[in-house]
Amino acid sequence: MHKPDMSVEVAGIKMRNPVMTASGTFGYGAEFADYLDLESIGAMITKGLSLKPKAGNPTPRIVETPGGMLNAIGLQNVGIDAFIAEKLPYLKNVQTPVVVNLYGNTLEEYGEVASRLDGLPGVAGIEVNISCPNVKQGGIVFGTDPKAAQEVVRLVRKSTTKPMIVKLSPNVTDVVSMAIACAEAGADALSLINTLTGMAIDLDRRRPILANVTGGLSGPAIKPVALRMVWQVAKNVKLPIIGIGGIMNGRDALEFMLAGATAIQVGTASFLDPGAAQRIAREMEQYLTENGIESVSSLIGALNA
Amino acid sequence: MQFKSMVISNVELSPCYFRMRMTAPQDLGTSLPGQFLMLKVTESIDPLLRRPFGLFDVGTFQAEYDETPHTYVEILYKVVGKGTRMLSALHHGDGIDLLAPLGKGFRLGEKGEEKILVGGGVGLAPLYYLAKALVAQGEKVRLFAGGRNRDDILCITEFERLGVETYVATDDGTLGEQGFVTEVLEKHLGAGQRIFACGPMPMLGAVSRMAEAHGVPCQVSLEAYMACGVGACLGCVMPGANHSDQTPDYRCVCKDGPVFDSFELKWS
Amino acid sequence: MHKPDMSVEVAGIKMRNPVMTASGTFGYGAEFADYLDLESIGAMITKGLSLKPKAGNPTPRIVETPGGMLNAIGLQNVGIDAFIAEKLPYLKNVQTPVVVNLYGNTLEEYGEVASRLDGLPGVAGIEVNISCPNVKQGGIVFGTDPKAAQEVVRLVRKSTTKPMIVKLSPNVTDVVSMAIACAEAGADALSLINTLTGMAIDLDRRRPILANVTGGLSGPAIKPVALRMVWQVAKNVKLPIIGIGGIMNGRDALEFMLAGATAIQVGTASFLDPGAAQRIAREMEQYLTENGIESVSSLIGALNA
Amino acid sequence: MQFKSMVISNVELSPCYFRMRMTAPQDLGTSLPGQFLMLKVTESIDPLLRRPFGLFDVGTFQAEYDETPHTYVEILYKVVGKGTRMLSALHHGDGIDLLAPLGKGFRLGEKGEEKILVGGGVGLAPLYYLAKALVAQGEKVRLFAGGRNRDDILCITEFERLGVETYVATDDGTLGEQGFVTEVLEKHLGAGQRIFACGPMPMLGAVSRMAEAHGVPCQVSLEAYMACGVGACLGCVMPGANHSDQTPDYRCVCKDGPVFDSFELKWS
């Protein structure tokens, strides 16, 4: 059989395969260049960017949990100027679309970051993080209230002509109404899920392990919740969906596509195996080859349910 | 780099302390003292994250079946939780996935200085490979090793065989002097020295204050909870000397460290 | 040292230790009598009971996920008459408080089941399941909307003089406001968390694994989410809290108590180790002994955060 | 009961099929054919749930170190996923946690009937212990074994050594007749027989229809996804013959089964 067609397109971003790297788990790309071929994956999403450099939370910031991990990085990032000056030039030389994940500490800041990125060559699209559970002033409000989310998305929509992905929080009663609200406000695509808010305790010291007390749960543990949300949103919203949450291998990735995702993101898996994103793309292709499936896009939403 | 390694040996040295030798690609031979590796104890998701360990030794060995020398890496580790407990159950021939060498190592410093190594508990581990490098360079090396009791004091003979002068202190006096290793150290500090320290944070803080007081340059090797080991997750950061919420200055232990000049860091 | 005091009291239910068995994971008690001493645990909670016998969902009903499992039993149960006739007599002979978990397919049914149980000897209290995510007509609406929850809780309150525990769903944006709503409506205690809604897919057959498509996630995977919710609720609500979610051993249990729980429930762990509840109580006691802690209740909410 | 067992041996019989012997308390000696066990492959949470396996054999062996006979249980299993893959890596001496015996076994039936065993693939497993019991009771036993190809046909010699007459069918004809085992079976069905079947659901459905047509009593042993194995979680249920949404009648495979009279169940 000839090679299966692995390409997909999300909101106008053409990718050689559906595998993107999840924000905050792949640095600014260069960190992984020794471990995989950055030109073998579909797209790279960079660490959440804000207008100014941001210190983030005190440490400990991460802790392992059963089948997962909590992080409370607190959106530490270099800020948009340093990103443009120091990180983007490297990324531009990589023939793989770069999507910039962004957030604002205030509503206005969302707009400002988006405008600064608009028209910037080397940025294929933006992913708006309305869902980060770590920063008190930040995403949490926007990400769990449909009206607040709409405000952010509308403002960002006005501030950019780039493809706009909106990233949803799972910490909500009704993810579908959040998705619909973001769709109506002008999102080109939706990515989900961000982390579930969780906590870990050091029994002997009688203290939370994370300095921030709570953090975001990621990894295989959350996969069933992520799959469920992707499936619910795909049934109810027309936009392309990017599935995220606990994807460790090609089979996991393809399950998200059956549930309705057009592309997927690899997060925590890159910590366990820095070559995970490339491996997952290869495993997906292998599965297609072995099963005589000609194009990966034929699997999108192909679940019989 | 990432590679599949095989356990060569995994020996209990004293209660809860193990020394494990693993095969490695030839390139690992050029690893620097102070660098570390991260290993995945099992392919399963429990435990999920890799575990970081300093390079205790790197060298070559002759296999029975051929003439070319093969490279090995060694770690010295203490069983403290689930990951290290599972590690201690590995046998010769078991496979293991490694990332190595990671991070920045010790800078060996000027020729002729007296090199002072300070190790607290399993913080001794990376100092052996360092001592080897320093001795190979012809330096005079002294080791100050501390622990809670004699079971925490490991491989002193190995250091001595390199020609290192050793000083031991234990909290309970079951080996060497009774007291903190820093108390012993203080008596021997002076000009013309350079300190390399690894151990628990309070010890490193004390050593670095002492070093500053005596005007002795000092490098410390830190531990931090790590997820990626390559500077991507920002989980392992430590505040730099000038860090404040207004002027954030975090350093990645995995990438900017684990070895830092003591003055680079903020000691609380 | 003398033996530590392991006893606790929740809403007037006196227990020899804080370990309860979670509803739906311990049958009607008798199933586990070969594997542990039913008189060694704090309390038993029975499978969710409705007015009439209930068939539940078609199979498959369970599937393993990373660090957890999904179930979509669909609240199959013998109904209240058979419970009273066939199950309760056995339980009455066990010197351990029995709490009956109940639900209604309608608002009225909640009230009816509660009245039927009121005054029944051998029933130490009731746990109202407003949170089961499996039954379309059932708990889901009540469990995710504070107003609807209040209606149920008020009605049940009127229908019973028994201690009333209300069991909360984690599938909500704001568990604290759910907790406050239930407290105001007359709950004597709150138990949390029930399962997180999730999904699993059979890639090769392109079908959901569960006949019900989605199910409830339980087990170690959900522990960080459960701990976080217990901690949030404990900070904001005065009622005693029963912590549930992924508790596998004594240390897990004590972490929930630090977070603010007065007692805990053991669920999925009983499947892996049918003697889990007894073992966990023993491990908790051991920890107290080793650390010179005289009473387990001194740990409730003792987290420094 | 729940007990810690030790792997005695774990041998690959044909590609992907293993036979594992484990130590067991003496009480297990009275287990019934058709009962099953659940084992926890690892103490870790991956995989989380126990895995169910039919009793392939139960017996006693003599240890080197003493005179008293020790009890063992055996399972015959196919590697199909993560749990069985990890199981296949266990060695002599490894510890394993068991619940056994679980469920209700086969009822052996009247003396003098011809006993017909029908096994599809690894469904053969519980039939060996059953055959032993039937033979010990002096019954005439015939075995019909089916599989996709010859690798799925196991332990036929063991059955023959018991004096069981065996018939084999494979889908691809690589062993025995080509075709479904039910086709072979049909030719031999008649009055005075009793059927015991274990295998995939479609095969069991076909066998039970055939049995009904010939007026032959038939017991089937089912598989279902299980969590608790003791009738508590209600995860493993199968609809009984009169089940409907209005008149629910679910049976627990783990507790009411895994062996059922074929007429008890609803065959879709």
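Per-chain residue numbering starts at 1, and chain names A, B, C and D are given in the order in which the chains are listed.
Here is the rule we use: a contact is a pair of C-beta atoms (placed from the backbone, for glycine too) under 8 Å apart; a residue touches a chain by one contact, two chains touch by 3 or more.
Everything numeric here is computed off the predicted structure, so don't read it as measured data.
The chain pair C-D and the chain pair A-D differ in C-beta contact count, and the higher one is C-D. Farthest from chain A in terms of Cα centroid separation is D. Work out the mean CA point of chain A and of chain B, and you get 35 Å between them. Between chain B and chain C, the centres computed from C-alpha atoms are 47 Å apart. Taken residue by residue, chain A touches two or more other chains at 66-68, 219-220, whereas all remaining positions touch fewer. The set of chain B residues touching two or more other chains comprises 45-46. Chain-to-chain contact here is organised exhaustively, every possible pair of chains being in touch.
Listing the residues of chain C that touch chain D in their complex gives 24-27, 31-32, 34-35, 47, 53-56, 59-64, 66-69, 71, 73, 76, 219-220, 248, 268, 270-275. Note for the complex: chain D touches chain B at residues 42, 44-46.
Put simply, chain A touches chain C in their complex at residues 65-68, 70, 144-145, 171-174, 196-201, 203, 205-208, 213-214, 217, 219-225, 227-228, 231, 246, 251, 254-255, 258-259, 287, 302-305. Interface of chain C with chain B (complex): residues 66-67. Contact residues of chain B toward chain A in the complex are 1-2, 40, 45-50, 97, 99, 224-238, 243, 245, 248, 250, 255.
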